[in-house]
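Each in structure tokens, the structures are laid out below.
Below, chain A partners chain B and then partners chain C, in two separate complexes.
And now, the complex of A and B:
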């Protein structure tokens, strides 16, 4: 019972919020348009489920986030590792990286659309970039703080550079990489939906919301917001668990 | 388990392993702000194959630097360090080292850590696995094969580090204050075990320590070093057979001699 109470504490605030929402929606027609009644949201939800539109949109958004995250995070790890290992790479890339990093990804969308069109490729590129920047920062941090004493052991054991990378440097950098991955995930998800709002072709939760807005379907907009929030929360949870598993060697800290 | 009596080794003692170390006129400087600071000056030392040599001395006498040079972590030095006649200028699996901090990789289990040492030996998988199992038994860590270092006590971690250093069957094992961070009881136990391992393996061992009793209990010979710059000041031969009795009067007499030597200037 105690555990149940502790687990449900996080639900108190959302439930209060929903109650306030429902109360406001009943204060008149104008309020009912701005704060769609729960019953309409439920109705809209079952319609979207039945038509398959919700599922298609979710799958499209998730797919794009995953491919973008994969490309961006891998590239980020490689570039971050290269920057930490080689001063030449660090000096060559650092100014460019730190300049581009200042620009919000969504601010690059007009240029990317101009160069690469508004199709799926452009969107994946946007998501990849969003994941790339935080990953580089963390990977570089991780790779440049490998314990010198462990590197000496690698030397004494006559490990090749490849073995040293795989068995010593990469695992030593893993805590920072996991942190970077969690940041990258958040940026990737936001920019995936963001790119759909800006580039209106194709499928996705962002497109679903844009279409709903033009059709004055505020219930669908609310459902979109909820889906984005909950899915993002779920993915974050999943990746945190994955991180905990990968870092199980650290013990309970 | 910790006090397991001398038992038959699962590994045949490596009889007649070479491992004679010859250090001639060794000097080593570190550059501090561009100025050379001598850490070792004119060291001459011959260690016979299979001999156990202890080195004691105050902090800063360069005894750890000496081990780092022998293992090959530092290649710049004057003079010669020869192992079976070959000059040492890099690391090699012929030379193993155990550090004061166990230096196990925290992200690898005990078996994985020990197996890392075999990464580049031409053995097949089954052979490697068998060797790892044997060495885990050798240091009495059965049951902890899949434990991560953070789950081990200091003594157990150091046993794993010893197994990792021995698994390549090095000609010479270097021990840099291997028990310095352990509590007194664990230290005594591990000294006993190291003696057992040395009797079984008969590889050359050089141990640096702060502990005069430990140096005498284990060493065939004890070298006393002096600091700034590090040099050999005195040596005694401990002419007692192994395994030894800690309370042997000869050890006590030698301890007094060494302590007098260590505090005199």
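And now, the complex of A and C:
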């Protein structure tokens, strides 16, 4: 009983907020325009489901995020590893990397749109860039903070630098790489939605919301926000579980 | 006195002291790749392989910067953007700190507000832009509020985490001395949690800058984002590039400034 009361206290405020939303929506047409009644959100949801628009948008956004994440994260791991292994690469790339990193990815969208148009390629490029920058940082940290004793063992065993990279440094860098992947995922998801908001061609949750905004369909916008929040949360959960599974050999925690 | 093993320098003699010129080259090599990229860019632009709508030379970008600076357009847009950032940040940071303190210190607040806070925190600010536009219109209110939202959540989270991280011993001592709540917060909790809070402020500020630029790109009649968007629509790539560079420079300056502040404020910490 006590536990139930404790739990339900957290629900009081959300329920009050939703009730206030519903109440405001019934205060005349002007209010209903911004605060759509819950019933029309439900209606809009079933419409979007029935027409298949919601599903297409979700699939398009997820696809874009995944391909961007794959490209950006792989490139990021390679560059990060190269930077930690070779001083030359570090010298050559690190200043450039730290300079480019300062520009917010979404600020680059107009430039990318001028160069690559507003098609799928431009969007995937934006997502990959968003995933690339945090990945490099983490991969480099991971590859350069390897237990000294392990490196000494590698020297004793006379491993080639390639063998050392794959069998000693890569496993040691795995936790950092997975942390980087989680960061990269968050950035990729946000920039995927962001790029869809800006580049209006094609499918995606961002496009769906932008069209809804021009048509003043608040119900669709609300559904879009909920989907983006839920999917982001779900993907983060999935990836961190996956990370724990992949790192189970570490034994600790 | 015996020297411990760790004190002995085991590097080969050749590495012990670098000559001055080598140290200079060492420093200079950091500039190498950016300069190389600039030169390459200038070369490609001067070859004329790409039309000037797609690629302009660094010189053209510098000239565009000069024009925008002298006409006052850049400064005016900058003023608009920074004042929005400032107002939104002030609102978001102050409410975020207050809420974070309440969330960390009071079980009741935690019970009632915690779940809602944790849920809303998951929604990316960018996704809220269309919703805020419908709710508040495309005027100043929308831009200030979106910055406020972007700042509030990370600051509130950092504040509450920072305070929860304060060792229980401190609270025990405060209880022994019968410190009033005001003094407990001011003299014990805040100094102990301050490093976490300032880091939260820094993260929030950079994020807010990105969100502000994004919302100015989408809907604005003034500000840096709008300047870039206009440049894009008129195919003025030089203006777009000036805007992108200024945005990057400001993002860097904000982050760097708060990092310096962090270092100065917490010199007493031996981390």
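Methods note: the second predicted complex is superposed on the first by the 219 of 253 C-alpha atoms of A that agree within 3 Å, B and C clash if a C-alpha of one lies under 4 Å from a C-alpha of the other, contacts with A are read in each partner's own complex, and residues count from 1 in each chain.
By definition in this document, contacts are C-beta pairs under 8 Å (C-beta built on N, C-alpha and C of every residue); 3 or more make two chains touch, one makes a residue touch a chain.
None of these values were measured; they are calculated from a predicted model.
Novice: For A:115, using the defined touch cut-off, is the partner it touches chain B, chain C, both, or neither? Pick first, second, both or neither.
Specialist: second
Novice: Quick check for you: in the superposed arrangement, does A:106 touch first (chain B), second (chain C), both or neither?
Specialist: Touch status of A:106: second partner only.
Novice: In the superposed arrangement, does A:249 touch chain B (first), chain C (second), both or neither?
Specialist: first
Novice: In the superposed arrangement, does A:221 touch chain B (first), chain C (second), both or neither?
Specialist: second
Novice: Where does A:95 make contact in the superposed view: on chain B (first), on chain C (second), on both, or on neither?
Specialist: Second partner only, chain C.
Novice: Once chain A of both complexes is superposed, is A:157 in touch with chain B (first), chain C (second), both, or neither?
Specialist: A:157: touches chain B, not chain C.
Novice: Applying the touch criterion given at the start, work out whether A:145 contacts chain B, chain C, both or neither, answering first, second, both or neither.
Specialist: neither
Novice: Go through the superposed model and pick first if A:26 touches only chain B, second if only chain C, both, or neither.
Specialist: neither
Novice: After superposition on the shared chain, which partner residues are touched by A:213: those of chain B (first), chain C (second), both, or neither?
Specialist: In the superposition, A:213 touches chain C alone.
Novice: Need the overlap of the two footprints on chain A, from chain B and from chain C, as residue ranges.
Specialist: Looking at chain A, the two contact sets are disjoint.
Novice: Can you list the residues on chain B that touch chain A in the complex?
Specialist: 71-73, 91-93, 96-97, 99, 101, 103, 105-108, 116-117, 119-120, 148-151, 164
Novice: Mind listing the chain C positions that touch chain A in their complex?
Specialist: 29-34, 37, 53-54, 111-116, 119, 122-124, 126-131, 133-135, 209-210, 213-214, 217-218, 225, 228-229, 231-232, 235, 237, 240-241, 243-245, 247-249, 251-252, 255
Novice: Can you list the residues on chain A that touch chain C in the complex?
Specialist: Where chain A meets chain C, its residues are 6, 9-14, 17, 34, 91-96, 99, 102-111, 113-115, 189-190, 193-194, 197-198, 205-206, 209-210, 212-213, 216, 218, 221-222, 224-225, 228-230, 232-233.
Novice: Where on chain A does chain B make contact in their complex?
Specialist: The contact residues of chain A facing chain B are 149-150, 152-153, 155-160, 163, 167-168, 171-172, 174, 248-251.
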